[in-house]
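Shown below is the structure under consideration.
Chains: A, B, C and D, in written order; residue numbering restarts at 1 for each.
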Amino acid sequence: MDDKLTLTGIKRTVYETIFESDTPAGKVFDVSLLITIVLSVVIVMLESVQDIKTEWGRALIILEWFFTGIFTIEYLARLWVVLHKRNYIFSFFGIVDLLSVLPTYLAIFFTGAQSLLVIRSIRLLRIFRIFKLARFIGEGQNLSRALKASQYKIIVFLTTVMTAVIIFGTMIYLIEGPEHGFTSIPISIYWAIVTMTTVGYGDIAPQTMWGQTLASVIMIMGYGIIAVPTGIVSSEMIQLKRKEKLTTQVCQHCLKEGHDADAIYCKYCGGEIN
Amino acid sequence: MDDKLTLTGIKRTVYETIFESDTPAGKVFDVSLLITIVLSVVIVMLESVQDIKTEWGRALIILEWFFTGIFTIEYLARLWVVLHKRNYIFSFFGIVDLLSVLPTYLAIFFTGAQSLLVIRSIRLLRIFRIFKLARFIGEGQNLSRALKASQYKIIVFLTTVMTAVIIFGTMIYLIEGPEHGFTSIPISIYWAIVTMTTVGYGDIAPQTMWGQTLASVIMIMGYGIIAVPTGIVSSEMIQLKRKEKLTTQVCQHCLKEGHDADAIYCKYCGGEIN
Amino acid sequence: MDDKLTLTGIKRTVYETIFESDTPAGKVFDVSLLITIVLSVVIVMLESVQDIKTEWGRALIILEWFFTGIFTIEYLARLWVVLHKRNYIFSFFGIVDLLSVLPTYLAIFFTGAQSLLVIRSIRLLRIFRIFKLARFIGEGQNLSRALKASQYKIIVFLTTVMTAVIIFGTMIYLIEGPEHGFTSIPISIYWAIVTMTTVGYGDIAPQTMWGQTLASVIMIMGYGIIAVPTGIVSSEMIQLKRKEKLTTQVCQHCLKEGHDADAIYCKYCGGEIN
Amino acid sequence: MDDKLTLTGIKRTVYETIFESDTPAGKVFDVSLLITIVLSVVIVMLESVQDIKTEWGRALIILEWFFTGIFTIEYLARLWVVLHKRNYIFSFFGIVDLLSVLPTYLAIFFTGAQSLLVIRSIRLLRIFRIFKLARFIGEGQNLSRALKASQYKIIVFLTTVMTAVIIFGTMIYLIEGPEHGFTSIPISIYWAIVTMTTVGYGDIAPQTMWGQTLASVIMIMGYGIIAVPTGIVSSEMIQLKRKEKLTTQVCQHCLKEGHDADAIYCKYCGGEIN
């Protein structure tokens, strides 16, 4: 905000286009940036596929330089218009923006540096800027408010799960042992996580009767306690829904809010609500 | 509607039977069509099983021609009674209806065209017409209304999941690499989806300590965030339930709201509600 | 009821003990029957384990005859006290009770008939009689009422899932084909079910890029739509909770029920509720 | 409480530090104890990894003795300050505290006793003491209250699942038999649990058509009935949320209920609530 006010001329226009999304130009910029990011990530992905690299290698390299060029210009433009340059450079997205162009340049001197380009996929997080455009922001805020409201419950839940997983992992290590693939306690804990979250790769599986019995207990627990985070988030969201329904009426006598839709008198001062 | 009014005689009867489902004939037609579709799909399925094809090949071919005959007659009948023929031909079901008979005829000239008959299974979507018959329609509408009401939340959720899956997939590719089965980034993203949705085939599984640590994080995230869509849909459905039950009528005597739909007198002051 | 009234003496006592569970003797009988059933099922289970059969074969046979003896006496006792014998013999539990003793006798003449003894495990369903004893019945009724209230929604949901699974299964069969393990359409549909329900055995897994893309779509769908049955059941249960809260007061003027706890006047006739 | 009052001097200070967590010293003690437990568990874990043991064996042994020393002092300190020593010694945590130091001493005389040190991971349960520190306790209580309120429903649900799993396991044993990996009924029940909880290792998988059909039924059931515990816990939590918010106060003027906890005046008639 302050930044913007002190800017004039082209610099201000560039600032509004790059950093804001409520002007038409800003919206166009945001959407095209996102498409560019998605395309550049797709290029990096395709490069990792051996067959495609062999056949289309040359084209991919040209495209990579093309996208690196665009992102370099974007980075410099951001740097140019921002007043507090240090703030941007060391912000999360500032670092990501830099790291998403650097590897291409480094690859001139060091072979292999290119593979670091995958960092570019973190830029995909900018996708959430797009949501500023539409009514998505309200829904996104509701979601994160519901999650935030239940953060303490979620921490208690996660701690319980982690403790259970460590204890179960240790138990299965003692029961099955290295000869059945449970080569160490960390591996056994990994197995317990795979089992409790109902993922079940099957790369390690218990083979003794007691191991399978313990596995059954873990599975049924994991199957059942999924109900807990679900219940937490559901009740939080219903709560939010209900609050939305509260009127935004302010009592004219005591100026307090939060009255039910069916309230006739202010519940705080007893004054009549129109 | 308009179509029907301008029709007379047999054509009108055929129209009502084929396209509508509130006449007795229409109901009978819908149910028998569905049974025929199911049977024809079963035949196509059985043909794909090698053993059955070897033994019952001849019978299956006869049945296939039988069902193709029925569906051809049905297609021509629809074409005959519909006034705006172009609309039907290029509608979704018009194309599906045609594609579900064509392969049998094509197979006379080209071998292998028959395997396209599986398109016929798309006709199974007509099963939802049956639901027009009973009280299912109300329930189906409630379900889809609840899903529609939460569509923005669901898009935000899916975008978050997709972004997470791309970033996690890229990370596991860097950690595990091609020597452990993560041959490219797209494959690694596929693995991340398999893991986060708690499917866990186990065809690809991390083998290094850091890979297994990252996998554990993805699994616990996937296990936990299932709570989000669940919470969204639950709260939406409860909302719908509540709306169904309450009228928005205000009592004219005491101005209170929240009366049940079947209330005749105000439950607060006893005054009559219009 | 009628049965019981016409019975006298021992026969009536036996009837009350076996068929009812509100007398002390009935409770004792129910619990001991259940323990006997569990033990007999455990014996049948152990017999199927090769190692245990080799070592403890003789003891297991004796125990089997012991349990068969008890269940035969129980069956004959039920037959003796019941007035409408035909009703019992052809009832679900009548047939199960008979089938759970027959195999042991048949095994004298035919070898292998014994393996049919596993039918005995269906007798475990009698476990739900125990629930009549305690306050479990109310909870059980609530559960089944919530499920019953949402049965139409559940049918719509299941039909959607089944149709989706058939179409996806057919698609993966066309994409991957027999050379990657998708040997027929039924097998491919089985795979689609394994994937959509997030079970993911991994015995069959897509290997081409398009197959894995389709699999990803199925997985994310399966991961997301689990929210639908969950939402259905949750909203139904909350509904039930709320109904419980309704008073059981009857309006003295019009004799109607179902008033909210905060109602002062009858919402049907406007009369005051005490 | 009583214990504490009769204590004086250092003993009282030690008691407050070790057993209570509302003094600053107690908080510091609790957090450092937890860190020590986590570290000691990590050491035991690392010792189970063959590579690390070979290289860092000496350091690990020293650290183990170090932690055993600390825990021994802690155990003796607890024993010293507690008045009813027997109560502590035979309490759950008393036994765990002893068992978490004993193995190191036993290992001097018996080789292998050391592997019992993993019992130490049960001490991780002390993590829940930390929650006394913050507002976590309220949330934790809410969670366990919600689970307790629905315990009868959960028992009914678990019994149904267990019965279903036994019957399905027996059926798959009869269908697939030992030649497809279903070597005994207990193994088949284990498979049914793996399938119904949607874990799906894939170490055992049905191979016949009927086996796969039955598996499909189990999977869809398992996929659907997860909605039941979820619905139970959700409705219970929403119930709790609502109770928290509403007082059971009745307005003395208009006798209406349902006032918010922070209401001072009746929202219906404007009268003061005591």
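The rule we apply is simple: contacts are C-beta pairs under 8 Å (C-beta built on N, C-alpha and C of every residue); 3 or more make two chains touch, one makes a residue touch a chain.
The structure displayed is predicted, hence computed values, not measured ones.
J.: What is the Cα-based rotation angle between copies chain A and chain C, on a 0 to 180° scale and rounded to a multiple of 5?
T.: 180
J.: Between chain A and chain D, two touching copies, which fits better, same or different residues at the interface, with half of the numbers shared as the threshold?
T.: Comparing the two copies, chain A and chain D contact each other through largely different residue numbers, since under half are shared.
J.: Considering only mean CA positions as chain centres, point out the chain farthest from chain B.
T.: Centroid comparison gives D as the farthest chain from chain B.
J.: Select, from B-D and A-B, the pair of chains that is joined by more C-beta pairs in contact.
T.: By number of C-beta pairs in contact, A-B is the larger.
J.: Please tell me the distance, in whole Å, between the geometric centres of chain B and chain D computed from their C-alpha atoms.
T.: 40
J.: Calculate how many whole Å lie between the centre of chain A and the centre of chain B, each centre taken as the average of the chain's C-alpha atoms.
T.: Here the centre of chain B sits 29 Å away from the centre of chain A.
J.: Could you pull out the residues of chain D that touch at least 2 other chains?
T.: In chain D, 186, 198-202, 222, 226, 230, 232, 234, 238, 256, 268 touch at least two other chains.
J.: Report the residues of chain B in contact with chain D in the complex, numbered from low to high.
T.: Where chain B meets chain D, its residues are 198-202, 230, 234, 256, 268.
J.: Spell out the part of chain A that touches chain B in their complex, as residue ranges.
T.: Residues 41, 44-45, 48-50, 115, 118, 121-122, 124-125, 127-128, 131, 135-136, 139-140, 142-143, 146-147, 154, 158, 161, 186-187, 190, 193-194, 196-203, 222, 226, 229-230, 232-234, 236-238, 240-241, 261-262, 264.
J.: Help me check something: in the complex, which residues belonging to chain C touch chain B?
T.: Its residues touching chain B are 152-153, 155-157, 159, 163, 166-167, 170, 173-174, 178, 183-186, 189, 195, 198-202, 205, 209, 212-213, 215-216, 219-220, 222-224, 226-228, 230-232, 234-235, 238-239, 259-260, 262-272.
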